[in-house]
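In the part that follows, the structures are each spelled out as structure tokens.
The two complexes that follow have chain A in common; it is paired with chain B in the first and with chain C in the second.
Showing the complex of A and B:
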């Protein structure tokens, strides 16, 4: 995968650089670049050289992370190489510059390797005419569906037609019609008419997702993308083909006819469905999340993300979200509830408080909780969540911030080992106050007898003995969550929190990459970002202050937590920084 | 800019000649109305004004000659509308399919806030489906703000029919024709 390719280039010895000219400007380009699939060095192509020179070459079938096929012909450029005399020695112009022998024919820049002294011409009249011709051919059988096409607004065919095409069509014959709204799989709808046969989707699913599900059937202008009859296109990465599709042929069933893309506000965010922490863009309109799309980060997810993570956004807009601050079931205000809680915590004897924080909280929130923990001498832990992993992106750890919980000191390397201690503490009456953040602890609670039985049989760590009966023994159960559950119903103090899309913060992924995410939509009702009210609470209990903003909070945390030493909110950038874990 | 006023002439400073001149116009119209029946005003609510053909009145949605919704919910009018008077709810995945064959899509809801509308005609100009037209209604009344937000049903009822090229239907016919070989152009 791309991540493998990246690490390889880092460790490999520096590659030889060669000089080429792009539109008259000389640049230095590495002689080889890693192959997107195998990671082995392969000769640099003209389109890569043009990209380094920041000279855009329009293309459809070429994609930097996919194998090259060179079938769309959109990236045709003219080029020349230093001329050689009959003696195989370079020929020079009278002014001493090497004489360039221009190639009589153009070449596709995606598949032609560069050579020393090569000159690439991307904007000659000939190249412009070729682009116009290629676009005209592509548009011959392309329906003018833009009004009902989901891709409109982010369609490469639209964009290149405006930039490089003709303003009117000369084609008067009937267009070839192909099937529309073909059900390819559970998440994908195909409109065969719109397809320009670039085969990006075929290459992606074969070479990246490892599921050779798609192919081209029929002949000539009746060419159509299809699956084997009766075989659905249903691997966990199918929706990436929708992003890859330069036109509106492959559309997401989830996003189909939902919103025109030009209305979407795009916010840089992260996927929270597993520990990988894929970089995403949240598309939202008027405080409603419409879709997630992957954001390129070669250190984490490349340009891809899995379907499960991509579709895991609907819970954020659920109607039954927690919207009110509740004190013993009665509606209250933030000020009243926080004052009452901080009084309680301040007077609590050492060791009488326990904290169960979720590894779905951000680094900052977990750090603030660790400050409370230090002040109160509390026992703390998180709840592990595991599931199936795959070879590409999905991690076995289903918590987005397991390493954050470890590094801030909320839990030990093995998450969940303190839960027994907390359960015993409550049972013996030592622990009187329990603070629970973002976890429905009852859900995985089993009675003590059963737990003992189970621990001898298997190694289930995410089950524990904190049952509803135990919770009833507490003096104060302080719960913050986003959605209602059994634990929130038992809470004495219920503090409505925010989903990651409604606040800012950072997560530390399974590989120790600290990445930040931004706020896309407003939280419903009285719900407040956890770090905001935790900051108030920490200030009232410990007197520690100095971080009224997310930037200040992160920087204070970075100075305090050894693993985050030297980090600053601003230096994280959009793609994050890897720390030692 | 400073405008220099010419000083009044002696005749103008006399004041009365201008009064008499004005009265003359009044009396001329009074005479024409009373004795020659040449009316220059209109008994408005009872009498209606002949609206010129290129008048830009309220925008309404139109139906095609078969009585189907022409709008495909492309939301270009919503995008272009300067006062943001238009609000479209797209059908989404589970929404109703278009009532026209082959068009795939029609709005689940289409609202125009007539209090916001400035009758600029951008929506009509941008519409790729010839589905919205500024029509001749100029007197829009309602007893509440909510009443002045016209929904899809109301807009379609008021808009009437606009016969035009039925491109989606033609496309389907063209596609059906290709199912038989040899393909006829």
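Showing the complex of A and C:
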């Protein structure tokens, strides 16, 4: 058997590479690349080759995750292929290089497959002239209302006009007028005059979200994006069309007119609304969150996120946030409260303390609680919450860090089975101290912020026996939370915590992806990041130290938790690392 | 002298000829189909065997038949592109969306001799292993659709459609589908999208070549009505005999739609290249000349999207001299043979073979404004340059024909037009809307400039007039 045959049988052959030239520079590119929708290998296109060559080709309708339609004509390039003689054999120049036959017609780089020896020209006078022509066409009927347009600052029409357009307009006719401020659906507003008809929104909602809700009506220059009459554009992914829209045609009702995008501070974060852990960018200004947008991570959410998650930020800025440390209802200080609590815990008999943590807490916080648990011989658990899932992103698990709670040993694989034990322990007077983090343990069902009247996103919390009457039997109820609720009102010690946007940390998503998020805004009042004060508490109760920074804490935890072995804060990168769960 | 040559229209206008199947059968109809279905495999000298369908495809190739819809692409070549190994069904669509302004040839066939089309289609389907075919007819042709549906019903009743056609074991079903009234549905991939129930946005090529990824992503043949009728005659008389008609590389006959300022507008079937534009306009057998006292100004030779010819325009055409050497011969526009290649060599096209004649009474700017308005209305709006450019040109021409022109509008129009064609759009509509503008302005620039300059002068005069005497400003905003 030959060696070639051996290697062939060993593994699938790697994708064949072919050589092309982009603006005179030779590069090697895979012959095929996966189709964005089916995932099947399809011929690599010119625009993909140019991207590999790091040569930007301006485009509007093309999007790497959507089907190609080739309608905007912005990505037109010139090209040539190796010339063939009458004998169908390649022809060479006197210097031995292959003679290139330049195509008399340009090609859209988004849809034209590459071929061996192809030369792509992206910056010839002809290409520049075509881009100028397309931009002129797009601008003649565009309202040019950048000063009041929400897209200004992140508008591809602005950017390409500066980079590739002409400075003066020749247009002296009357502009086409189209509908403005069209209520497309509960979260989306359309300005049809700004629309450049790239159809990204149509393709996204049809091919990605699976809701064939948008289309084009009328003809020619009067073309207008529209819904079916009487059928609002309303699925859980509509706001992605605002991200996809290269201009200010589709705007988010939540964000429009709120803030100039160039004033926004952008912070890499995660969505906490379910176990998927979509990567996000928090846009904030002066300690106020203005919007969430998805951050591309092909291992998790691609470039998308759901509307419910995207709009689930308003609670962070609520006026009734817990801002004070309270000891038996009286305002106190962190030092005083933590000293008192640690004294209590140090003296607590083994088995007299129980911990109910939240799977909305970070891996680091849960791990710190597990250190307390070990020292105190405490029973611990967490509260599962579940709801509807969908085919695209939304997980049935409504906690962002269920796996973190499991891997740090706060709960068993089946979350919540210890709650009965805790309830019994309190009832029998065995458990005297209860530590509760981030959970209103008296409540059973939570209704999230309403997306729309007929589809309230609700989370169901499993039935357990802990009631207000039981809590009254405790010697000490130590509660940390972010917003006030029945449990925080009963607390003997109330420690105000932080939303994820106000701290750093990591979550482990439903698939075991360990991902980090950064701090976007300051917490209100005396509220402190849980990992910070838990570190103090753990030090005071157990004497363990050495993780006063997030980096140090994460690395110490990674060394301690088997599933996280080998991880380091720095190596997580922006998109995380998947661990065995 | 040029003569009419009635091949397709042999019976259509004969007295007493009716569109029903009995009449068609009386005139020898469906005999060719029966003959074709009975063909036996043919052994070739090189040991290969040609099946009956392959024999028909070969005849069509030999015939040199070129598409009669507009592009003049070789029919045999088009059929040879069909992906026959995909395992998917192959579809055939008859493009009966005749929409090019000036063109009214296909409707003669459909209205008067529908079974000729049906027979041509069945033969074409048989030749290409097609078992389901569609006739996509222009929405406005309500009567045509009725006649064709009746014809299909009759053909089905006689066993020419359906299962086991004439006992041959070959099955074929055929449907008439009416468009909803859009010019772009005549573009083959736009037509396919429309037939699939979608907006008729032409598809990008690559990858959606109809021969590979056509209707329902299956291999598909789209042929014009007249082209499909020709297939019947090719099978009947043989490809080689058909190729004797017309001129080399421009074989067969064409039905020319002649309209505008001639004495006898109408449709005339000629052998391709055997009559000149001048003969078609002036010969008493054809157009019969201009109206009395008029002189020729311009001719659009191939439907309104073709580039215009100016009267007196001369072209250098390649010809072979007595010794067979290639020489350039100066040819007057009127002496151009009416065929695919000569008109292309003269910078225009025979397109859908519709000749529009304009005499000296024509306001050329108005004529272009009319054409431009049509294309602005019919642009599907998919590609940016055509969507925005077609309306821009139309608005400019509207302004220029309503007293609001500028002397610079001529150059302005050409600059707009230059940004649209030449591969900048998905389909050839970009060319269709910009070629008239480019050619009209290039060939009649003085008229465009004069009109704009006159408007400018009038406006200057009005601005200079004392306040009290100021005439009302033109109300064309």
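Following the convention adopted for this analysis, the second predicted complex is superposed on the first by the 551 of 581 C-alpha atoms of A that agree within 3 Å, B and C clash if a C-alpha of one lies under 4 Å from a C-alpha of the other, contacts with A are read in each partner's own complex, and residues count from 1 in each chain.
What we mean here is this: a residue touches a chain if its C-beta (ideal position, glycine included) is under 8 Å from a C-beta of that chain, and two chains touch if they have at least 3 such contacts.
Note that the coordinates shown come from a computational prediction; the quantities given were computed from them, not determined experimentally.
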{"item": "First (chain B), second (chain C), both or neither touched by A:308", "value": "neither"}
{"item": "Touching partner for A:91 - first (chain B), second (chain C), both, neither", "value": "neither"}
{"item": "Which of chain B and chain C A:176 touches, first, second, both or neither", "value": "both"}
{"item": "Touching partner for A:148 - first (chain B), second (chain C), both, neither", "value": "first"}
{"item": "Chain A residues touched - chain C or chain B, whichever exceeds", "value": "C"}
{"item": "Contacts of A:262 with chain B and chain C, given as first, second, both or neither", "value": "first"}
{"item": "Partner chain(s) touched by A:254 [first = chain B, second = chain C, both, neither]", "value": "first"}
{"item": "Overlapping contact positions on chain A, where the chain C interface meets the chain B interface", "value": "173-174, 176"}
{"item": "List of chain A residues in touch with chain C within their complex", "value": "68-74, 76, 105-108, 111-113, 130, 133-134, 136-138, 140-141, 170-174, 176, 196-197, 215-216, 218-223"}
{"item": "Complex contacts: residues of chain C adjacent to chain A", "value": "182, 199, 201, 204, 206-207, 376-385, 387-392, 395-396, 399, 406, 412, 415, 419, 422-426, 477"}
{"item": "Parts of chain A lying in touch with chain B, wherever the complex brings them together", "value": "143, 146-148, 152, 173-177, 180-181, 253-260, 262-263"}
{"item": "For the chain B and chain A complex, residues of the former touching the latter", "value": "72-76, 78-79, 90-93, 95, 102-105, 128-129, 171, 174-175, 177-178, 183, 185"}
